[in-house]
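The first chain written gets the first letter, and so on, giving A, B, C, D and E; residue counts start at 1 in each chain.
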C-alpha cells in the first residue's frame, strides 16, 4: 500500500500506470469499443486505414482495430499470468535459498545458475515446438517454469543481506519458526524487489509470447498481438505495402512495454532513494539561475 | 557464354549433394538436368511422349511387360558409353538398396532384363498400361561409378557423372553453384545454354527481390500480388504463367473415432451440403491471391483433366460442387441435420451432436486462411467447427491413420486421372499414405481402376473413366476446393523461347517435380 | 569460576573456544573463554574491534556452536539439550543489538514487535491482556504506549528504537540480557538514557547483564565487573574499579591510555610507554597463555608472554 | 585462481546438464523426422523404404540409455551427426557456417552496445537530473522494454521497405562470390547494417540503465568525493573513480545479459533472414531436424558458457580484490 | 595576529527539496588561525560535514550555498573561484580526510596511482618523480614504500587512514580537514593516528579542521572548539574553557551525559 502511494507520487510511475490502465481498460471493454468481430471477414483484404476501419484490415479482411483491442486481452493475460508464476516461483526459491543456506542453498543456487546459462529463448522455442500449437495458457505455463532463475538470483542475494540484519536475528532468538521468519520478517522487506521482478517478468512474458507466436509456434485460432504479427508477416504485409497490418501490433507491444518499464523504473527509484531525481533538482537549477546561491 | 540464372529451390545454405536418389537432400537441379529421363511425358498435351534417352518404348499386348530402346551412341558425361547395362544395374541397385527407391517402382516390377545393348525389358508383377509414366521417374545412373559405392544412401555424389545437358559442376559454394554443359551430351545441338547459375535464396521475399531487380531468369516461387510486385517493375520482360496443378480439397474421415461425427461424415447428403457451404471463389481470391483455380467438379478432376471429363457429372451432380449458402443450409435441413438440443449447433438426425475439428499443418498459412474463411460460412450454417494446427508430422500421421475429423489435403497432379483416383481410394494404401486420408472404400471403383490399366483401347478406357467419374461424383468422398498453381516466373531480357499461356507447349515450371523443365531448357535461346 | 561471587551464576561459559578459518590458518575468535553472569550484576566485556566480543555474545545466543568447552545454564551444560530446554533457554536469555536501525523490522509496527514475543513465550495471555502487557513494557522503557505502539520503526529516533529493542528483550521475561554495543550508534545525548535504563532493569528485575563495548567509559558506568579481551583471549578481568585503577596487563594499559580523556592533553605522556610499544604488545598479547595470576581479591590477569 | 577454477567446474557441470536436456528435448517432440521430410516433400514412401532410411539416420529402436551414452560420446568428440534437412552435411559444418555470422553480428553489436550504453549511462549519471539524463533514461527505458521483434520489424519497414536504403535480408549479395574481396566485404557490411543496428538498439538501453544506476549508487562514495577534492579533472574522476568501479557490477550483469543478447539476435536473424545460428535453429525446428536442433542448443549453451567465462575472467582482471582471493 | 587560514562568515547552506528546503547550516561564522587545530563537534546530522564540504566546494546538487555566505582561505574568496581555479585550489590549499578510511581510497587503483593522480594534476610530475615523493610521504606516516604497489584492500584500516593522510600532505596544504577520520577504527589505532597528525601539524605548520562527535577526544586534541546544534554554531571557544566552564546550555548538557573513565562516576541523580 505504501508502495502504491509512493508510486502515485512518481511522475514516471504515473505515466506508466496510465498507459497500463488504458490498455487494461481497452482489453476489458474490447467488445464495446468495436462493432466488428475480430475473427470474421468484415472487409476486403488489406484495406488501408479509413473511417470504417480505423486501422485498416488484414489480408483476410479482418478489422485490425478489433483484433488489436481483443488481442490486448491475451497479451495482458499471458503477461500477468506468467509474470505471477515466475515471480511466485522465483520469490519462494530465492527466499528459501537465501535464508536456509547450506545444502538447500547450494542446490537451488546450482540449478538457478544453470538455468541462467542455458539460453532461454532457444529453449522456449524447442519447448513450444515440442508441445505444439501452444495456446496462450500453455505459453504462460512454460514461460513460468523456465524463466524464474533471474528472480531467484536477485531475491536470494537480497535475502542474504536481509538475513544479516539484526531484526531477523532477533526474531530467531525469540524462537520464531523458520517459515514465519521467511514470510513475515523477510518477505515484507522484499516488496520492491519482488515488484521489480514481477513487472520485469511481465515484460519478459509479453515479449516472449509475442516472439513465440511471431515465429509460428502459437495457436493461430487465438487473437493476440503475437498472432497478429505472425499473420501480417505471413501475408507479406511489408512487401505489399500493408504497413498497418504489421505496425499496429508493433506499436501496441511497444506501448505496453514502455508502460511497464516506466513502472519498473519508478519502483527502482522508490526502493533506492539515491536514484530519485524528482522535483528538487528542477528547483535547485531554478534557484541557481536566480543567483540564490551556488555549489 | 550464355549463363541462365535459376531459382528452383529455396534454402539457407547449399550442400554439395547430387545424389539423384536423394529426393530432399540433393540439389534440385540433379534430376532431369544431370540425369536425363528415358522419356518426358507432357501433361499439357495429353501425356504426349517426348523421347529422351529412349528413342521408343513398347508395351506388351498383355500389358505385363514393357520394352525401352535407348538411343544410339549415348554417352555418360565422362565419355563412357551409356547402355542397357546401366539401366539394368540401376534397377538391381534400387532393389538392393530399397531406401533409394523414392517412387516405389520396384514393387511393381518383377524383373529387368537386357535384351541387347540398347534394349531393356521390364517384366511387371501385374498388367499395367500406365507403367511407363512410373518407370521414367527413376533416374538411370552409370554402373561404372555407382557399383563401387558402399553406402549409396548417404553418398553425396559431389562430382556427378550424368547423362543430361548440364553435368559439370564448375563452381560450388554454400551461396551459389554453377552447373555447365555436358561435353558428351547427345542432344547438344539443341542446347543453347552453356551454364546454369543457382544463387542461394532463402525464401519467397528474396526470390521476389532477385526477380524484381532482373537477376533471375527462371524461378518458381509464390509471390504475393505479383502484378504489382514483379511484373510492374519491367512489364516488357517480367513475365509469369501459373498453371493449375495439385488438387486441394476438404476431406472427412470415414473412420473418424468420434462415433457421432462418423454418422454425419458417412452420409453423402452431409458431405454434399458441406461442399455447398464452401465459398471457393473467396478462398481463391483471399487465401490464394487469386492464383489458384477453383475446382467445382464433384468428381474432383476439374480443369486439369478437362480432356477426360464426363459431361454427365456436371449435369447430374454439378450443383453439389458450387458454393450456395442457402442451398447448403436447405440441404442440411432436409437431411435432418437440425439443432436438436438447442445449443445453437446442428446435430445428427438422431439428435447426437456433431463437432468438427478441421486440422491443418502448423505454418501452412494459405491453408489456415482457407480454413478460416470456410469456417465462417460453416458457422453461419450452424455447424460446430473449429480449427487445430498441429505439427505437419502429427497432421500427416493423423491423415494416414484416419483418426482425424476433417482436414485440407493436397494431391499432386498427374498425367492421367487414374493416378489421383488410385492414390486416393486404394484400400491397400490405407494406413500407409496420407492421400487415402478419407478412408473411403468402393469396390466398384477399385474394380474399374483395375480394368483401366489393363485396357489398351482408348475408347474403352474412356468409357471406364466416365463411369468412375460418375461414381466418385455421386459419393463425393472428397470435397474439391481448388487446384493450386505451379509457380513459374521468367525474364525475357536474356533468353527467349519460354512456354507461356499463348504457347502452352509443356509445363515450364523449374521445380524438380516437373521433368518437362528439361524441354524448356532445351528450347531457350540467348538474346543477341 | 573466576569471579568471586556468592550467588550461583545463571549462565556461564566454561573454557569455550571458537575457531574460524581454515585448518592451516585458524582464527581464534574465542580461546578458552570462561566467565559467568549473575543476576543483578553487569559484566562488561571490552576490547578492540575484532577481538572476539561479538563472538562471545553469539556463543551465548547459541548462534555459534562452541568448538570446545561448554555453555552452562543454571549450572547444567546446554550441549544437546532437547527442544523444551532450548525453548526455556530462549525465553531466559535475550539480546539487545548494536544497531537500532537494523534491529527492528521496517515492515512492522512497534506493536507487532512486542506482540510476537508475547505470543511466542506467554501463550496463555489473551488479546486484551497482551495489549496491556505491551503498554506496560513501553511504559517501562519510558515511552508513551498510545503514541508509539502504532508507529513504524522509521518514525522513531535512534534512542527510541533502542528502547523498543530493550522492551522486546524484556517481553519474554528473561533472566539474562546480552547487550552488544547497544549505544555505540547513538548520539551522545541519548546514550546516557539507554545506559540508565539498563541499570534500572538490572536493579528492578534482577537481570544478569552482559554489556559488550569498546567504550570503557560507558562500561564503567553500567558494570560492576569487567573483562578485557584481546585476540579471543580474556587477558584481564575483575572488579571494575580495581581493573581500571590498577591495570596490570600491558594491553589493558594500552587500551586505557588510548581512550580519549578530556582531562589529559595529548602532550601528557603518562602512558606513552605503552604507546611506543604498540606493535610488541599486540604481538605478544595475541599468543595463547594459560597461566592466570591473581592481582587483587577480585582481579586476575593472564600475564603477557615475554 | 580458486575463483576461476570453481567457475570452470560449474561450467562443466552446467554443460553436462545442458547436454542431457538437449538429448531428451528433441526426443520428446511429436512426429517422426523422416515422415516430416517426406510430408513436406509431398512424395510417397513405402514402409520398408522409410525404415531403411530411418536406419541410416540413426533413429534406431535401441534402449534410451544406449542412445544417451552414444550421444554423450559423440558430443564430447565433437561429432554432432548429420543434418537431415541438408543431408549429408555434418551438423558441425552447418553450425560452423552459421556461427561465423552470429559471432560477427552478436560480437560487434554487443561491443558497440556495451560501450555506447555504458558511456551514455556514465554521462547520464554524472549529469543526473539534467535534460541529457532525462532523455537518455527515457530512451534507455524505451529501448530496453520494446520487444526485439517489434524493433526489427519497424526498422525493416522504415529502412528496408519504405526508404529502401538497405537490403531486406541476407548476409551478403547472393550473386557475389564469398571471399576477401572489397566488393564482398562491402556487401557484408551493407547487409549487416540493419540487423546490427537493431541489435544495438535493443541492447544499448539495458546497459545504459544498469550503468547509470550503478554510477549513481557510487557517486556518494567517499573515494569519489576524495577524487574531486583532490582537484582532479572532471573526466578523470568520472572515468577512473566512478565509472571504473561502477563497471564491476555492470560486467557481472553482462554475463546474464548474454542470454538476452542471444535471444535478441535469434529473432533479429529470423526477421532479417540473417544466416546465423538463430535462423538455423528456427529452420531446424520447422523441419524437425533433430541433429541440428541438438547441436544448436549445445552450441548456444557452450557460447553462453564461454562468454560467461570470459566475463568472469575480465571481472577478475577488473577487480583487484579478486586477484588474490 | 596573522591572517586566519580559514575564515567562514555567515555561511548558510540549504538542501533543496521537492517542496521545502532543509537548512543544514545556518549563519555559521568562525575562523581558524595558522597552525591551529580547530574542533567542530555536535551530534549526528547537525551539519558538520556540510560545512567541511563547503570549504572545498565539494557539494553536489541539491546542496546550495546561499548568497551572502563567505568562505575565505588564506584571504582568497573560495566562493568566487571558477571551475579551473577551483580545481587548482583543491588539495593544494585544502586537503581532506573523510569519515571512513575504508572507502576513501579508490579500490581499483594502486596506492601509487592515487598519489600520482594528485602530483601530476597539480605539479605536473612524472611518474618516477611522483613515486619518489610518494615514498617520502609514506615514510612521514610510518608506512613502508613497498606499499605503493598495493591495492587499498591489501592494507589494514589504520594503514589506509595513514595513507590518506600522506596523500593529503602531498601538496603541503594550508588546511587539513578531517571529517570524523577515526570513527571506524578502534581506540588504539585512533590514538596512534591522531598523535601523528598532532606531530606533523607542529612540524609542517598546517592548520586542521577536526570534526567528530566524540567530545572527549575533541577536548584532548583541539586548541579551539566549536559546538554545533541543528545547523547553528552555538559556542566557540578555547578547548579548556569549553570543557571547564561551558556557557551554552546545550554544551553543558553534553558534558553531563558523558561517562568518564576517571574520577567520580556520574551519578544517577544527574540524569537528564
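The working rule: a contact is a pair of C-beta atoms (placed from the backbone, for glycine too) under 8 Å apart; a residue touches a chain by one contact, two chains touch by 3 or more.
Since the structure is predicted, the reported quantities are computational estimates derived from the model, not experimental observations.
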Least hop count linking chain B to chain E through chains in contact: 2
Joint neighbours of chain C and chain A, given as chain labels: E
Chain pair with more C-beta contacts, A-B versus A-D: A-D
Farthest chain (mean CA position) relative to chain E: B
Separation of mean Cα positions, chain D and chain B [Å, integer]: 41
Chain C and chain D: spacing of chain centres that average the CA atoms, whole Å: 56
Distance between chain centroids, defined by C-alpha means - chain C, chain E (Å): 33
Mean-CA-position distance for chain E and chain A (Å): 49
Set of chain D residues in contact with two or more other chains: 29-30, 128-129, 168, 219, 286
Residues within chain C bordering two or more other chains: none
Residues of chain A touching at least two other chains: 129, 132, 216, 239, 281, 284-285
Interchain contacts, given as pairs of chains that touch: A-B, A-C, A-D, A-E, B-D, C-E, D-E
Footprint of chain E on chain D - complex, ascending: 128-129, 219, 221-223, 225-233, 236, 240-241, 244-245, 248, 318-321, 324
Touching residues (chain side chain C, partner chain E) in the complex: 48-50, 187-189, 191-193, 195-196, 199, 214, 216-218, 220-221, 244, 254-266, 275, 278
For the chain D and chain B complex, residues of the former touching the latter: 29-33, 35-49, 52-53, 56, 82-83, 85-89, 94, 97, 167-170, 172, 174-178, 273, 275, 279-280, 283, 286, 288
Partner chain D, residues of chain A touching it in the complex: 110, 113-114, 116-123, 125-127, 129-130, 132, 150, 153, 203, 206-207, 210-211, 214-216, 229, 233, 238-239, 241, 243, 246-247, 250, 253-254, 257-258, 260-262, 265, 268, 272, 274-275, 277, 281-282, 284-285
Interfacial residue positions of chain E with respect to chain C in the complex: 43-44, 185-192, 194-195, 198, 213-217, 219-221, 243, 253-254, 257-263, 265-266, 268, 271-272
